[in-house]
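Please go over the structures that come below.
Two complexes are shown next, each including chain A; its partner changes from chain B in the first to chain C in the second.
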Partner chain A sequence: MPLLAIHNLVTAFHTPAGRVPAVDGVSLAIDRGRTLGLVGESGCGKSVTAMSILRLVAAPGTIESGTILLDQPGGAVDLVSLPEPALRKVRGGRIGMIFQEPMTSLNPVFTIGDQIAEAVRLHRDVTREAARARALEMLKLVRLADPGQRLDEYPHQLSGGMRQRVMIAMALACEPDLVIADEPTTALDVTIQAQILELLSDLRRRLGTAILLITHDLGVVAETCDDVAVMYAGRIVEQAPATELFAHPLHPYTIGLLAARPAAGGRQPGPLATIPGMVPPPQHFPEGCRFHPRCGYARLPECAAGPPALRELRPGHFVRCDFAADLGPPHAVATGLGAA
Partner chain B sequence: MSAEPLVVVDRLQTHFPVRRGLLRRTVGHVQAVDGVSFTIDRRRTLGLVGESGCGKTTAGRSILRLIEPTGGAVRFDGKDVRATRGADLRALRRRMQIVFQDPYGSLNPRLTVRAILEEGLVIHRLGTAGEREARVLRALERTGMTAAALERYPHEFSGGQRQRIAIARALVLEPDFLVLDEPISALDVSIQAQVVNLLVELRERLGLTYLFISHDLSVVEYMSDDVAVMYLGRIVERAAASDLYRAPLHPYTLALFSAVPSVDPARRRRRIVLSGDVPSPSRPPSGCRFHPRCPLAESVCREVDPPEVSLGGHRVHCHVAAREVERAGGDAAKASACLSGMMAAAASDTLPSNET
Partner chain C sequence: MAALGFIVALLLVALLAPAIAGTKPVVCRYKGRLYAPCLAYFDRRLEPAIFATDRFRGTYPRNLKEKDPESWAIWPLIFQDPYRSVRNDEWPGRPENPAQDEGRPSWQNPFGTDQAGVDVLAKMVHGTTVALLVGFVSMGIAGTIGVIVGALGGYFGGWVDMLTSRITEIVMCIPTLVLMLAIISLLEKPTIWHTMAIIGATGWTGIARLTRGEFLRLKGSEFVMAARAAGAGPVRIMLRHILPNALAPVLVPITFGIASAILTESSLSFLGFGPPPPTASWGSILNDARSNHSMWWLVVFPGTAIFLTVLAYNLIGEGLQESTDPRLREARK
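== the complex of A and B ==
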């Protein structure tokens, strides 16, 4: 079985305005040592999916249904129903986490060394000295310059790229089977992003850690992931091995996302391809296929009727679009942009 | 009409004092912009790229005097911007507008869209109430919005729509020149293309001149006629967009371009991973400011600030690149390929290892 198998996850927020299903029936599987990229725009539910895995979704959000099976030596456990004490062993132990903003996810009043050592001592019965030695070893592993000196420094003394290395060191300190990295390079400059992505792939090769990489950047996914799942409005709309997905995108949303970026090398004539309209907020997800109001290939009334199923159109390539096999030519979309 | 470019920036310098202690004594200066020169012709777009802290935003704001420069000269349509005062400055500023990065922070949440758009007209005492109404509506409609938006507040709009409102606010004064400071960075990918298309369409239709500041290299290439690359307060390379992207010459530009992840395997360059972080602009390195991170740095780079070398309008500040260009007989593409190979070789030798 895969290392982590999410089945039909539904995570909803109960707000005064009503129930908001941010994640609405997501199924994913990650094998050992593989990197799965979860891509989508803001509000698509990719971060809520990640937080649901570790049951870190804050109130008023709750996991309403579904299972999240983590394969363990003593047999698989369901993280959705696992009692809190056992779950605490999983968080930071079997599953490490790297967040987007390393400044706010590190504690400003403790040194780097104390924070990594704390993570180690929570999960392992080791002495203070051994934990500190492990922290130093981890800082060396993530290639932080002057690790011995950095151990006694505070987060504000480090640059953004260095802080993200510390976050990675902390996430890996207990040798997890899976690391969830939520936009780990979004806050970083592109040359620093290159350093961090290189580091993550190198560590994965050497330690065999599986990675769930959450990002909005298709380029980052293409260069680092084995498999990709594209999310839109709380659902997975397309899933395939990375090379397959970028060579043969099948869902109109994925096609649109890829076309919206200007091609490098020679200035292309004419305007960029656009996806009209805007990402719908979860409280106003459309009926039927949630992408149909913005879709240039939509056929009415079919696309507005029932939600399409995720179907395997090519080997290992799943698409949630009833017409993906034969989209036909695109047509203009009236979205009423600006009429708002 | 004069033949002079619309915007001429000459050795622009903006330093911020660093004050410490009880008496707030000045103990040093952050050299945010340090000797930046460029020109922008009418109806053209200059792209200004670089990483955070390189001074690109400060440069853009200094040109408009939203931040007072501490040295150098800025000429706009033949007028000395730094020497202009009072009503003359206000008249100049009507013609130079800015669009900020964050459409959430740059619109006053307590004002309706109508009030936001009208404010500039009121300040500049332009038109009667009826004329102002017409101009507000015209600016709004140019950005693809409708009159229905006028009585609403910014929070009722999505990020992309807010950025359209911010662009309409800049357009309402009918400027000649727009500073676009990361106008699409805060937007979702599917919305970015909409705003880019709008900016291009407005430029063609209204004959605007742009300074387009961004860290997104593909969008800069798409939008710009010329591109300048900044590092630590200085421009390290400047050329026509097609020349710069085809044959980057500065080692920093080469590393920057190679670091951009791409979905197209054919487009992926051999990645040159730079070591270390950008140094602090309050204590910039001696000589070439890029030398501590540069895999090609030589002893001369540590001591001598590299002069500008121009290859048919392709300007670069780098000792090594200058030599390679000469060796390649002035063939920029050949020199670029050579430099790229040297960097990849040097970078793989010096990659820090954790086994040490």
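== the complex of A and C ==
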């Protein structure tokens, strides 16, 4: 039984301009102790998926349908229909979350120690001293230099990388089974990024926490994830174990993403490849396969007809493309979405 | 800074008023026991009973010495009473207070006396208590109501916000001074507490609007989201996370409100609708000045005091405004 099983999740925003389905039928499963990377461009709905797990989606967004089953001792619960007080116990207690912007995710008027201790005391009935001790322990765990001194410092006295470590410490303080990391390294520079990722892997090994890592950086995924799911325009288009995905990308979008990476170490043989066109806005999703206007392998009229289903083309490897099995050579793309 | 120092000085004056100006000893030893009769200036019931049974009738200096030669007393700095004139030879060797036009400022009465011979300095010292009390209590009430209403509206939004906003708008339309005149004329015994309650009950609207704005803004902050993700409930988020961040700009209207409350109370006293005599307040001294045009000291001293106090509060408010304004904060970084 997977730790978290999202089944057909639909989260839509009811704006004055109409209904916008940011997450349109997403199904994911995360097993205990594994890391799942959720990749996609900005605007594909990956952050909304993450927020939907803990029902933190801001109004006017609502979860319209689908189930999110969390396996707890005592049976699985559906997070979508769980009453608010029970959900608050899950938040932070069983599922921790790390946000993208460490600069603003900490309350500026409280010390670091206070904030971590608060995370502890929300879920455990301990004394203030015990909570403070636990906070110190967590700061040591995330390898923050000078932890004793940092406990009494304010967020503005720490750098971005240090704040992100504090966020990780807060998320892990109650030993959750799953940590959702929403682009945890996007706002940090590359060297710090490497440190944070290494820290996350290390913690996962030591604590056995499962991680849902949301990112747009394929390099990050290759470094840290066991499994990968690629998202485009509100749908999962490809899902496979990481090594399998990088070795055998099957969906044209994934192929395009991997081809767009700069060549590692050495000269670039020619201009960088791109995927022509732009991510469609949710109000104007294309008919049929949502990627087909930008797809170099698209075959009209089939690709514009019905939305393709997710099919297992290789063991453990799911693709949402009717023609992925034999794509043929790419052709020039005449995008209906305007030039890139 | 000077303004802050001035207000602190006023606070000290208000707290130590009976020790600064009064006809009752600060501390005295009478018939073997220690008493503090000056506290009677704060509350009539605090006057030690023994002085009533021994028929002091409020005249301490001579009676203490006559009835108990062993007694000693520490006297206030200025031997004058805010409620009555000092009688002839009450303090050995001192003549009674002059009254009317004779009462111009002199060594005996640095600020002069009013038409009944009551020392103006003593009245002003004790009036400081009233002035500051009015400021703090009415703004305390207004601040509490305002922050609660604003926080509820800003955080919950929806119909709660609509309800609180409409209530705020309705109360904003109520003219404070007129309401106060109406209520005071209806009451049999209007006291300073009624005045403060009304100023507080009508003055919270600006604070509510500001608080609501701050809560609306902070509700969407990342750290609030992080707190929710950690499992905090709405009450905890409002009180512990948002409120400390929202209070900084609210201090500004509260400070200005104190100044305005003092002015309102002085205006009411000046018009004669303030606390009834013998309670001393700066505005009531000005009221006496209305019927005695030649006694300039009745206008200058309380007028200057009111002016300086309101100025001080306004300066503090401006200083707070400058230090909490986010735009200026960015420039100073």
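Some points to look at:
Operating definition for what follows: the second predicted complex is superposed on the first by the 335 of 340 C-alpha atoms of A that agree within 3 Å, B and C clash if a C-alpha of one lies under 4 Å from a C-alpha of the other, contacts with A are read in each partner's own complex, and residues count from 1 in each chain.
Everything that follows uses one rule, which is that contacts are C-beta pairs under 8 Å (C-beta built on N, C-alpha and C of every residue); 3 or more make two chains touch, one makes a residue touch a chain.
Note that the structure is a prediction, hence the values are computed from the model and not measured.
With both complexes brought onto chain A, simultaneous placement of chain B and chain C is permitted, the two fitting side by side without a clash. Shared-chain residue A:89: touches chain C; no touch with chain B. Once the two complexes are laid over each other on the shared chain, residue contacts for A:145 go to chain B alone; chain C is not touched. Residue contacts after overlaying the shared chain place A:274 against chain B, while chain C stays out of touching range. Put simply, more of the residues of chain A are touched by B, taking chain B and chain C as the two choices. Of the two partner chains, chain C is the only one touched by A:108; chain B is not.
When the two complexes are overlaid on their common chain A, residue A:195 makes contact with chain B while staying clear of chain C. By the touch criterion defined above, A:327 lies against neither chain B nor chain C after alignment on the C-alpha atoms of chain A. Of the two partner chains placed by the overlay, only chain C lies in contact with A:54; chain B stays clear of it. When the two complexes are overlaid on their common chain A, residue A:257 makes contact with chain B while staying clear of chain C. The gap separating chain B from chain C in the superposed three-chain model is 9 Å, by closest C-alpha atoms.
On chain A, the surface touched by chain B in one complex and the surface touched by chain C in the other have no residue in common. Per the touch definition, chain C reaches chain A in the complex via residues 220-223, 225-233, 240-241, 244-245.
For chain A in complex with chain B, the residues that touch the partner chain are 41-42, 140-143, 145, 159, 161-162, 189-195, 197-198, 216-224, 243, 246, 256-258, 260-268, 271-276, 278-279, 294, 337-340. Within the complex formed with chain C, the chain A residues making contact are 54, 56, 58, 85, 88-93, 96-97, 99, 101, 104-110, 118-119, 122-123, 167, 170-171.
Those residues of chain B that touch chain A in the complex are listed here as 51-52, 143-146, 148-149, 152, 156-158, 160-161, 164, 188-194, 196-197, 200-201, 215, 217-219, 221-222, 241-242, 245-246, 255-256, 258-265, 267-268, 271, 273-278, 352-354.
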